[in-house]
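In what comes next, subunit A is part of two complexes: it sits with subunit B in the first one and with subunit C in the second one.
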Partner chain A sequence: MSIEVQNINKRFGQFQALKEINLHIQSGELVALLGPSGCGKTSLLRIIAGLESPDTGSIVFHGEDVSTHDVRDRNVGFVFQHYALFRHMTVFDNVAFGLRMKPRRERPSEKVIAEKVHELLNLVQLDWLADRYPEQLSGGQRQRIALARALAVEPKILLLDEPFGALDAKVRKELRRWLARLHDEVHLTSVFVTHDQEEAMEVADRIVVMNKGVIEQIGTPAEVYEQPASEFVYHFLGDANKFSVDGADPVLFRPHEVDLDRVSTPGYHAGEVKDIRLLGAVTRVTLKTEGQDELIETEVAKDHASLAGLRKGETLYFRPRV
Partner chain B sequence: MSLATLKGNTRRRGPAGLVLIILAWIIFGLILVLPLYIVVSQGLQRGFVTFWEAISEPDAISALKLTLLATAISVPLNLVFGLAAAWCVTKFEFRGKSLLVTLIDMPFSVSPVVAGLIYVLLFGAQSWFAPFLNEHNLQIVYAVPGIVLATIFVTFPFVARELIPLMEEQGTTEEEAARLLGANGWQMFWHVTLPNVKWALVYGVVLCTARAMGEFGAVSVVSGHIRGLTNTMPLHIEILYNEYNIVAAFSVAILLLAMALVVLLLRQWSEARLARQLDVKDDH
Partner chain C sequence: MSRRTSPVIPGFGLTLGYTITYLALIVLIPLAGMLIYSMQLSAAQWWGLITSRQVLFSLQLSFGAALFAALLNGILGTVLAWVLVRYEFPGKRIIDAMVDMPFALPTAVAGIALTALYAPNGLIGSLFPFKIAYTPLGIALALVFVTLPFVVRTLQPVLADIPKEVEEAATCLGARPWQVFRYLLLPTLLPAWITGFALAFARGVGEYGSVVFIAGNIPFKTEILPLLIVSKLDQYDYAGATGIGVIMLAVSFILLLLINLLQRRFQPKI
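Right after this comes the complex of A and B.
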């Protein structure tokens, strides 16, 4: 089911949370709303879900304007940042909740509900936790139960608010790969909010970069990374160096977009080595150049020829590859 | 100093600790146990038969009935009001919210006598509403409705005060989740909100009941002290005492005390359950 966001504006008191937001999400797509905190991404997600109402504009699901529809009638699955599992219910009852709340004539029998719940718990690989209470689960398990609960009512759209935000780094990595695979299996139109560019790049088909209530750029991970529409997008999607020679317009380049050499070469600039850090497969060398306070960060393969025997305080020559 | 000696020191109480504990027991005995003992011994000094006669005479029975009636009406009403007030204050944002919270607390800060007077001034013979009440032959002050109203007023904050902090801490996301999963307002309340505050609600109701049964000041002002008609148990005890009918006064006091003890046990039980619920949350 496609989602059309048209001319959405939203104010909280004096604060303009969203300005003229227009966005088209295709059926089956997995889209990330990416931006720093306070950029309006969560507000937009909540407006799509119907938890907040916009001041102007409309939300259209598959050609049908749902702006005036109540939360209950939009048929969206929603996963909260802190999961919002019902604390007094078992995992089973949490997942069964949506089915049990259906009007009597649509409600499946308890037997059918039980089958469906176990099917979903198997999908998230946690069937063995059915009788536990949320407080007995780890963060990653709660996250997957929240997802199973959202999927139980067979939503046409899945919305996730910072789905990995509260997890530790390793679980987060596993879970986001798992989510991407799950999306390939169930193929729901999915939108998730994140402030982590790596997460957005790894999981999403398309990324919507937001800042201060407006959309800065919409594109595939490759597009927003390679052809950023603004300096904000460039900076937000990865580490960046700003380097200007003799008062000319500064060039922007990423730490790995650089050539290094130990000897002075035409087109290369001198920098004093301030720091050398081995980061697994790559090594980061921090350089200080004449006439610029901002340090330059470069990253090259750890066996790069220019690194052999390099010490702090030596001079290294670099050329931005732009 | 090694850890072992430190531990040994804390286990072996010093003389100061011993003195404090003995002092605590003495104070406990003097201001709690001794008065209780006196009430019970005075009530029973002429034997169980006299005690039984004092609590089974018609005026005492009618005072007991009136106390139970006032409690039975005011507690359920305050359960509903308190729940509604707590819901409204914690789940919605609106202008004048802090004023409303202050107003909920007002019965705690207003003297019960003043609270009683408010009702006399509102519904008494010289009040604005007097012509209307006379016309429809309604009696509020110096009658059962006044007693119930006064009891509701003084016990109003108990339920809301217990619920507000808990509901504030729990926030609204579980309710939002329920709505997103298709629950209507009633289902959301019944399956999500209510179970989450269940023990705090029980605790609030117990406190409310204890206060409703024991209320003296406000009820005294609006009751008019008509024997067999508008006397609650605390008022009945006062009248008996003022008539130097000490044995009967203490006999009825024993009964009121017994009722309070039942409520106290309920309180202990609900408090333990509530503490367990909060504990579980604190772990995460």
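Right after this comes the complex of A and C.
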């Protein structure tokens, strides 16, 4: 089911949270809303869900204007950052909740509900936890249960608000790969909010970069990374160095877009080595150049020739690859 | 390795000792004294006391009125707590502070004020076609007043702790507002509600100051148990007075125990 966001504006008091937002999401797509906190990404997601109403504009699901529809009638699955599981219910009852709340004539029998719940718990690989209470689960498990619960009512659209934001680094990595695989299996139109560009790049088909209530750029991960539409997008999608020679216009380059050499070479600039950090596969060397306060961060493979025996205080020559 | 696992915060022995001493001095010893004093009554006197129509009637009235007041406050207090937690409106702080007023006000003052207002010729009483003051209804009214804060104050923190997302999640899953209340809020609130109810009920049973003024103290009509005790004392019938006290204590204890058991049933099972 496709989603059309048309001319959405939203104000909270004096604060303009969203300005003229237009967005088309295709059926079956997995889209990330990416931006710093306060950029309006969560407000947009909540407006799509119907949890918040826009001041102007409309939301269209598959050609049908749902702007005036109640949350209940939009048939969206919503996953919250802090899971919002029902604490007094077991995992099973949590997942079964949506089915049990249906009006009597639509409500499946308890037997059908049980089958469905176990099917979903198997999908999120947590069937063995059916009788536990949410407080007995880890963060990652809770979020998977929250996802199973949202999927139980067979929503046409899945919305996730910083779904991995409250998890530790390793679990969030596992879980976002798992989410991408799950999306490949069920092909549900999905929108998720994140402030983590790595997460957006790794999971999403397309990324919507937002800042201060407006959309800066919409594109595939490769597009927004390689052809950023603005300096904001460039900076937000990865670390960046700003370097200017003799008052000329500064050049922007990413830490890995650099050549290093131990000896002075034409076209290279000198920099004093301030710090050397091994970050795993790459090593980060921080350089101080003449006439610029901002330090230059460079990253090269850890076995790069220029690093052999390098110490702080030595001079290294670099050339931005732009 | 030491086999004894000591808790992180020291002083278990000290605090437990203090707790028991304190409880003994303030609660247990006076109650035991009452029990011992009532032993002066012979079996026949006990029987006479328990089967006396006046005592039975007052027993019924006291517990009935307290139950009624606690139930009514259970409903009104829930609404009040809900409004104070969920909505923002001008004067909210003042209303919030006013909830505690019945605790601060001397109960006799409350009794006199309520009597003046609800008497047949009073400001509010004259508006009703039936009598309020000097009837069991008046007693219940006084009890509603003095026990108002219990349910409100026990529910407020629990209500405030329910995250908004829980209700939003339920709504996204298709739950109607009454279903959100029935299946999510009610199970979460019930244990605290029962606590508030039990406190209000216990306080209502023992309330004296505000009731004596509005009740009119007509035997077999508006005479509550605490009043019966005071009138026995006035007649220097100390043993009889403590006897009634013991009966009240026994009934209250059984009821509060039942409420506690009920509450345990509704406590989240984790």
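Quick note on the criterion: the second predicted complex is superposed on the first by the 322 of 322 C-alpha atoms of A that agree within 3 Å, B and C clash if a C-alpha of one lies under 4 Å from a C-alpha of the other, contacts with A are read in each partner's own complex, and residues count from 1 in each chain.
FYI, a residue touches a chain if its C-beta (ideal position, glycine included) is under 8 Å from a C-beta of that chain, and two chains touch if they have at least 3 such contacts.
It should be emphasised that the depicted structure is a prediction, and the values quoted were computed from it without experimental measurement.
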item: Subunit C versus subunit B on the shared subunit A, clash or fit after superposition; value: clash
item: First, second, both or neither for A:Trp178, with subunit B first and subunit C second; value: neither
item: Contacts of A:Arg72 with subunit B and subunit C, given as first, second, both or neither; value: both
item: First (subunit B), second (subunit C), both or neither touched by A:Phe232; value: neither
item: Overlap of the subunit B and subunit C footprints on subunit A, listed as residue numbers; value: 49, 51, 71-72, 76-78, 80, 82, 84, 86-88, 97-98, 101-102, 135, 149-150, 152-153
item: Footprint of subunit A on subunit B - complex, ascending; value: 173-174, 176-184, 187, 191-192, 195-196, 280-281, 283-284
item: Residues on subunit A engaged by subunit B in the complex (per definition of touch); value: 49, 51, 71-72, 76-78, 80, 82, 84-88, 97-98, 101-102, 135, 149-150, 152-153
item: Residue ranges of subunit A in contact with subunit C within the complex; value: 49, 51, 71-72, 76-78, 80, 82, 84, 86-88, 97-98, 101-102, 133, 135-136, 146, 149-150, 152-153
item: Residues of subunit C touching subunit A in the complex; value: 163, 165-166, 168-176, 179, 183-184, 187-188, 268-270
